[in-house]
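The two complexes that follow have subunit A in common; it is paired with subunit B in the first and with subunit C in the second.
And then the complex of A and B:
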């Protein structure tokens, strides 16, 4: 009994570290700037919906949201297609240099995004993609591929070999097997990688900041900067904005959640 | 239906040669069982016939045509795997239909074939279920159904009953035998279970270390094993293999006597029962026979023997098998008693 109380208390403390900033953010959208300064964590004295209303009725907010959504979904789709196809080859086919090539791709895991930002900018500028959605989608996909290929390959390699052999005898080749068998049987790992890439892309600030210049293509992290003045920051609008932009990421996560656990633990034990 | 011929098949994996040089003919319409211990190359041979594995050299002929370089789907074969290898995201009907769909068969023909296979294998109530919702026996039947619908020239089975429990295995064995009779198709079946081999086969191929030890009808192998290996491998309990000199056969290296061919004989050698297994119809006695050593004796009925009892045994006339230094069978001996060595 005492042990249970201790355990629950400990869990509540840990949970509060995660939940407190989120709750403060949501509540902050209902407060005036003055109240945020004096009462950052408490309930608002008056539930003021004006700031949320201001954000929702602003066309720019929807434009930022649309841009973020297109860029994130684009990154996810491209990463899943390219990553899964590459990983399938590494998992199914032995060819000269396959292990070396795979190791080379994994090297990408060692490079932080920020270290490549300048060469990326130059390359994006040279191919004429500056200030377009592709300027964010393509580099993000490239940087996601190492992890995606690693996870996909591990998962694909665990699919029973006899499954391919039975399909092969039925007249199914590698490409058809990929579409008809590998992908449908890999929903957990597709969901896992999809969520990772989506969240990473949704919250990415540095790359859009460098390669996007006009408000027409701004993502929400860049759009949020409009509330930050030289002398004054409109914290209530910023917090309301952040709260509303978190919603799509949470919806996406919840939709894929049931697959994610299976994707992360799949193959840990022989089923 | 088709005859399968293997000409000088060799298979090496790097430096390891699994099949040194193998020739085999599987007659049209026969049920041929490849049997042997684990690692003897029987599954590799089946995979070479199926096209899943390429031989290092040699030729595979099916129905008189050289199919060595053909894709599996072009060989007119179908294969049932030990693990069933059912497509988990498809229903039973889709599993059975998949190969036909890939072959671009008209929908009406496909439906009729799937229905016919489902009828033969009693799968009609399960056509809309996924494999995970089926029992082991039902899954195996789906795997067989997937083979039947393609109407192949040759059916290949790779230890298809190994994952089933004993009762289901017996039932499926009977069903497979009936299936062979009704389809009258050429079937090649790999197993390490000699009961399956003896009960299903028209022809048994006993393999050891990549080589064929003997090919023949089940009772031919049982009654006249051509090598010591076959003598020891076929039959349960195993044949007693003893030094031939110990029973007065100095021209041979090894003598073999089946447990059921040892009978109680007041003139025979004394044998002390070490373990007695009473099976009802038979009694298996693991005994220490004087001057020979451990032997297994199978006695009809319940003999009420107990551990430590001493009985006298000798072989039935004409049931002694003799093998030379190379393990090859020698002509049948004239003497059939467990004689003591003559000084």
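And then the complex of A and C:
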């Protein structure tokens, strides 16, 4: 009994260390700047909603979110289609060199994004994609493919072989089988990879920072840094901005918890 | 006998004709190229180009022509800020292995059992991990702000003057490491919890009946069982340390006086923002070598042990 009290007390101490910065941020958005100076952590003396209001009525805020959403959804859709198609070939069809090509794709698991960031910048610029959504979507998708194809192939290989043979005898070809059967049967793994790619894209900072220069196409992390730079003396506005971006993330996490945790432990395969 | 087995008995020419007629060839030609092209264009080619550019002094315009051999590498390896960046990266590795992972393991042992309270704690501890790094960095730059922040409030209430943690060369990196532990311990904890839940319950009970203490159960039953998970989390900690970037930018941007750079912020600051493409590419190549070395070592050491 005393042991359990000790345990819960310890856990509560850690939990308060974890939550305090987030709570201070959320509350900070309700305080005047002068109040933050003297009371950074406590409840606000008066709940001002005008700072949150100022962010919500700012069209730039919504533009940043829209850009992030388009880029993330684009990356997810492209990764799922392109990755699943390739993984299907690797799982179903043996041909000369197929193993080598599979190992080639897996090379992508070995190194971090940042190693190639400068040539990526040059390439994106030379193709003429700088300052477009594609500048983020294409490299991001390419870098997600290794993990996606690895996970998809493992999953596809476990689908019952009899199914394919029955369909094949009924005259169903390989490509059609992929669309009609493999994809619909693979919803769980598609969801796991999809959520993983979405979260990575939504939070990505380095790549957009390098390939997006104009505010029109900024994703929200860039927009947030821009905003912070402009209102450097007004913490309450920045905190309101941060809150309005982290609260949806937390809600999304609570809703998709199962897939996120699965995606992360799936990501642990990356070793 | 499956279809595939039956086919393997056919002669090569007949097999090829069948592969064409039943659509296998067209399936390969339709479904595989998009992935190969994207991957080659945006992953392997840039990597090769990194190596190529690293031998030139080049600002990114026109074609690289000013060949400098290993000159960029020499400049990097002699640059005191690069030494700081590598040192800081190693500090992050050390703090991850020596503080973060033991903390995560300890907490995992406290809450791995499936009860409603434990579920709540698990959720709370995992929250920082799902935040964007930039958001986490901004939140903590507020916490550490010398005029407005939480630490300033605390210092004031103790009658201390203003402390500017993030502009203090000695304290700034400690602050960054605090943020990193805060942000990532929940991730490691989740890996351990998943592993701990798969430890066979009867082994734990058997040890208990034999009179093992709680600590002995942890030490001789649970930890040996989750060794592969610990290896995985160590790998992530090291690979993660090599990539730290997003958190630093809002917190210190590498300052004060370049004291808090990591390898990637170094690459960004001295390679990209100054358009030293050759120089930055050389940093990228060094980073690549580091990451591959870690991956190879990991497979050699831990994978073998896990199999044994």
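Please note the rule applied: the second predicted complex is superposed on the first by the 203 of 271 C-alpha atoms of A that agree within 3 Å, B and C clash if a C-alpha of one lies under 4 Å from a C-alpha of the other, contacts with A are read in each partner's own complex, and residues count from 1 in each chain.
Criterion: a contact is a pair of C-beta atoms (placed from the backbone, for glycine too) under 8 Å apart; a residue touches a chain by one contact, two chains touch by 3 or more.
What you are looking at is a predicted structure, and each value in this text was computed from that prediction instead of being measured.
Of the two partner chains, both subunit B and subunit C are touched by A:168.
After overlaying the two complexes on the shared chain, residue contacts for A:160 are found with subunit B alone; subunit C is out of touch.
Of the two partner chains, subunit C is the only one that A:10 touches; subunit B does not reach it.
Judged by the touch definition given at the top, the superposed model places A:185 against subunit B, while subunit C stays out of reach.
By the touch criterion stated above, A:60 is placed in contact with neither subunit B nor subunit C.
More residues of subunit A are in touch with C than with the other of subunit B and subunit C. Shared-chain residue A:246: touches subunit C; no touch with subunit B.
Subunit A uses residues 165, 168 to touch subunit B in one structure and subunit C in the other.
Across the interface of their complex, subunit A is touched by residues 2-3, 19, 22-24, 26-28, 30-32, 34-36, 38-39, 41-47, 49-50, 53, 60, 107, 110-111, 117, 121, 123-125, 127-128, 130-135, 138-140, 142-143, 145, 147-150, 152-153, 156, 182, 186-187, 190-191, 194, 231-232, 235-236, 239, 242-243, 245-246, 249-250, 263-264, 267-268, 271-272, 277, 280-281, 284-285, 287-288, 291-292, 295, 298-299, 302-303 of subunit C.
Residues 50-52, 71-73, 77-79, 81-83, 85-89, 98-99, 102-103, 146, 150 of subunit B touch subunit A in their complex. Within the complex formed with subunit C, the subunit A residues making contact are 7-8, 10-11, 14-15, 17-22, 24-25, 28, 33, 36-41, 81-83, 85-86, 88-89, 92-93, 95, 101, 104-105, 107-123, 125, 138-139, 141-143, 145-146, 149, 161, 165, 168, 173-175, 178, 199, 202-203, 205-206, 209-210, 221, 224-225, 228, 235, 238-239, 242, 245-246, 249-250, 253-254, 257, 260-261, 264-265, 268, 271.
The touching residues of subunit A, when paired with subunit B in their complex, are 160, 162-163, 165-172, 176, 181, 184-185.
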